[in-house]
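Across the two complexes that follow, chain A remains constant while its partner is chain B and subsequently chain C.
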Partner chain A sequence: MNFNFSFAIEIVPRVLEGIGNTVMIAIISFIGAAALGLFWELLRRSHATIRPVIQFVIDAIRSTPALVQIYFLFFVLPYYGLTLPALLVGSFGLSFYYSGYMSEVFKAGIDAVPAGQSEAAQSLGLSWADMIRFVILPQMLRNVAAPLGAYSISILKSTPLLAVISVPELLGSALDVASDTYRYAEPMFDVGVLFLAMSLVAVAGITQLERRLGLTAPSH
Partner chain B sequence: MAVQMNSSSDNAAVTMEQLCKWYGSFQVLHNVDLSVAVGERIVVCGPSGSGKSTLVRCINQLETHEKGRLIVNGVELYKGMRGLAELRRDVGMVFQQFNLFPHLTVLDNCTLALVRARKLPRDQAEEIAMENLKKVRIPEQAHKFPTQLSGGQQQRVAIARALCMKPKLMLFDEPTSALDPEMIKEVLDVMTELARDGMTMICVTHEMGFAREVADRIIFMDSGRIIEQAAPSKFFKNPEHPRAQQFLGQMLH
Partner chain C sequence: MSFFAILRSIYEGFGITAAVATLGLFFAIPFAVIAGVLQHFATGPLRWIVTAIIEFWRSSSVIVLLYAFYYTLPAFGIFLSGITVGAMVLGFNIGGYGSQSVRAALQSLNKGQREAGLALGLSRFDVLRLIELPQAITAMFPTFINQAIQLIKGTTLVSLIALTDMTFRAKQISELGYNPVGIYSALALSYLILCYPVTIFGRKVERRFATRKAR
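Then we have the complex of A and B:
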């Protein structure tokens, strides 16, 4: 059985059925991971007493495979009466997994803001929350733009993991085509090309965004 | 008795009693006793590593002391106390590295704490900010970002930002040490004016001309101790302590 290029093109519309979900999962997971990651980091930073606990949670999240976490969530939540759509469980799983990495990105981003900035904010009598919100986070954002961009691509490329819990995304619809036609090479080729295209578009978008962020205030 | 206590706390902006601080096992402050009256101008000098900066940074608790007492504007400060942010609003601080917020305009640098901490409406905050920017002679830079200004201008903005809070006390931690020589004067001029207006000031500086002209009292520190304090006229003419003599000898040459 040779690779059939015209067949690969012919099945594109069917493979594409999953692309909406793939994009949606990537976006939800990216926002979820960033929000949860920032939450971990601020929690870790604000309370010295619970810091080791949070650190352990972050390490645990990063030290277990994403696939295992997704399976676990998918099968364990129903035991507690929580039956959610697979797409939601999967998005949460990816958010959770990547939040561990994001928290480290935010940590580095905040650490890179000079200590004098928080000292000045404290001297002015700003509350901790105001200092974080108005002084630290805006400056952190520029430090983390590049790594966050890289993680957004990683997250996009991890969405096929959700095929294992039957989320109808790109890989899922390609697998459907494959099982209907007994041909695997062409659907997988299509999936690969589509991910390549999405990644290239995302990279261009991120570069654009970074450039714009860089313009909001002059660099040092 | 009660009257006496009141009058003493009314007159003292800062009181330190036997203040001690360690960095790990290294003691930076040794039993420092110091009382600064309201309206008094103090210059703190001494060789590097003598604890000058630490002393000043204790006053707004950027550093915490481990032993002794510290009373600022009538309130005793201690590690882990509540309400510190509120107390800091009455203590202005100017840093060696300016520490302006680079993502905010000059005006927003000045209004941030007025709006967020003092809860003033935006227009009122801007009015106060412009007043103080005029006082430091750079109102025309209000809408620029800090990095677009020279070092001297940035430091003047930092002074204006601190003044916006109407502090009872201003701390200066080597405010001209990071400046090019030709910019030092513009900052010292602003500080001199501030002193003339009656601001209580504690300045760590090596600008002996400024000290001579403005200070009511010079504090000389060495190895975490205050080893001499005197009026500038006396301190510069005949310092008592050999360490101070040696220091002045090096400074004035």
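Then we have the complex of A and C:
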């Protein structure tokens, strides 16, 4: 078997058919992960008694592989009668996996808001929910923007995991081409180059965005 | 099959999981140290080359790289075993992230350390080997633990290139009978047993380092 460059170029349009799904999965998963991550963090802060429980949940999410979580959702949900499109199930899986990391981002972002802010809010008589909503969250957003940007790229790079539950994203359509033509080397090469290009473009875009917003990565 | 039997059956794949993770570290650690040090010291074209190599391993999607190397290398006449390809791809990917920790740790060292070493008559290489690297590696220990966890979790991907790791065992068992809840709970538990203690250990170390820094 030899590597055929003209074949590799010829199949690019067929491989690219999956790009819409890839972008869609990345966006759904990012929003889902951020929302769920913020939920975990607020829950962790809300009450001292449930804190260790939520901490365990977050650590457990971070201690199991994304692929295993995706398989779990994909095979276990139908058992309980919940059959959803694979794209949605996979995006939930990625959201769940990354929510564990996002919660840590939000934790650091909230911790970085000076204690005087919440003390002032309390002495002004704001309720807990109002304090979070009007005082803490707006200030936190600035702290978390850079790490969230970094995780958005990680999520983009994890989207091909959904190929294993037969979602036709980039890797999935490359695998389709491979099984149609019995040639694996060229489609896999193409998808490798495409992902590298996509992630480099995404990194450049996010760096640009951070610069425009006047953000710098917080020190770790 | 009882839950315990499933769990035991999944752990038949532990050998492959452990082998890929351990071999992966043998790729990751040297790559992280060498690439990180080179990126810190090199100038001009060498620096570009090192940066390009690091970015290639760091910016690509691991699962895509795994497929790409596994299926493309033979077309170029390079035949490697699945374990080698898996360990290499996962190792270099984690090593790419690690190299950035090494570089950052070297950059954040007080330059008085280097000056003192040079003033004592040590060669530049000895200053790096005896003074800078030991401190840098100590400083990046918490990061190292987190990346080791990423590597262990990453080994699940080798099930996709037909290596019989724990995840692959679960897929095999799932063909014997319909019991998704039992099998996939057991699979998640198997990885939890492996990684949870490391996660907790990592958190402890991180906290200790944070308080040490604050002092």
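Just so we're on the same page, the second predicted complex is superposed on the first by the 209 of 220 C-alpha atoms of A that agree within 3 Å, B and C clash if a C-alpha of one lies under 4 Å from a C-alpha of the other, contacts with A are read in each partner's own complex, and residues count from 1 in each chain.
The definition used in the following text is that contacts are C-beta pairs under 8 Å (C-beta built on N, C-alpha and C of every residue); 3 or more make two chains touch, one makes a residue touch a chain.
Keep in mind that what you see is a predicted model, and the values were worked out from it rather than measured.
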For A:P138 in the superposed arrangement: first (chain B), second (chain C), both or neither? first
With both structures superposed, pick whichever of chain B and chain C touches the larger number of chain A residues. C
After the superposition on A, what does A:P13 contact: first (chain B), second (chain C), both or neither? neither
Scan A:D130 for contacts with chain B and chain C and give back first, second, both or neither. first
Tell me which partner A:V203 touches in the superposition: chain B (first), chain C (second), both or neither. second
Which partner chains sit in contact with A:V68 here, chain B, chain C, both or neither? Use first/second/both/neither. second
Looking at A:F195 after the superposition, I want to know if it touches chain B, chain C, both of them or none. Which is it: first, second, both, neither? second
Mind pulling up the chain B residues that touch chain A in the complex? 60, 62, 85-93, 95, 97, 99-104, 112-113, 116-117, 145, 147-148, 158, 161-162, 165
The chain A residues in contact with chain B across the complex are 114, 116-117, 119-128, 130, 134-135, 138-139, 216-220
In their shared complex, at which residues does chain C touch chain A? 55-56, 59-65, 67-68, 70-72, 74-76, 149, 153-157, 159-160, 167, 170, 174, 180-181, 183-185, 187-188, 191-192, 194-196, 198-200, 203
Chain A contacts chain C in the complex at 1-3, 59-60, 62-69, 71-72, 75-76, 78-79, 156-161, 163-164, 171, 178, 184-186, 188-189, 191-192, 195-196, 199-200, 203
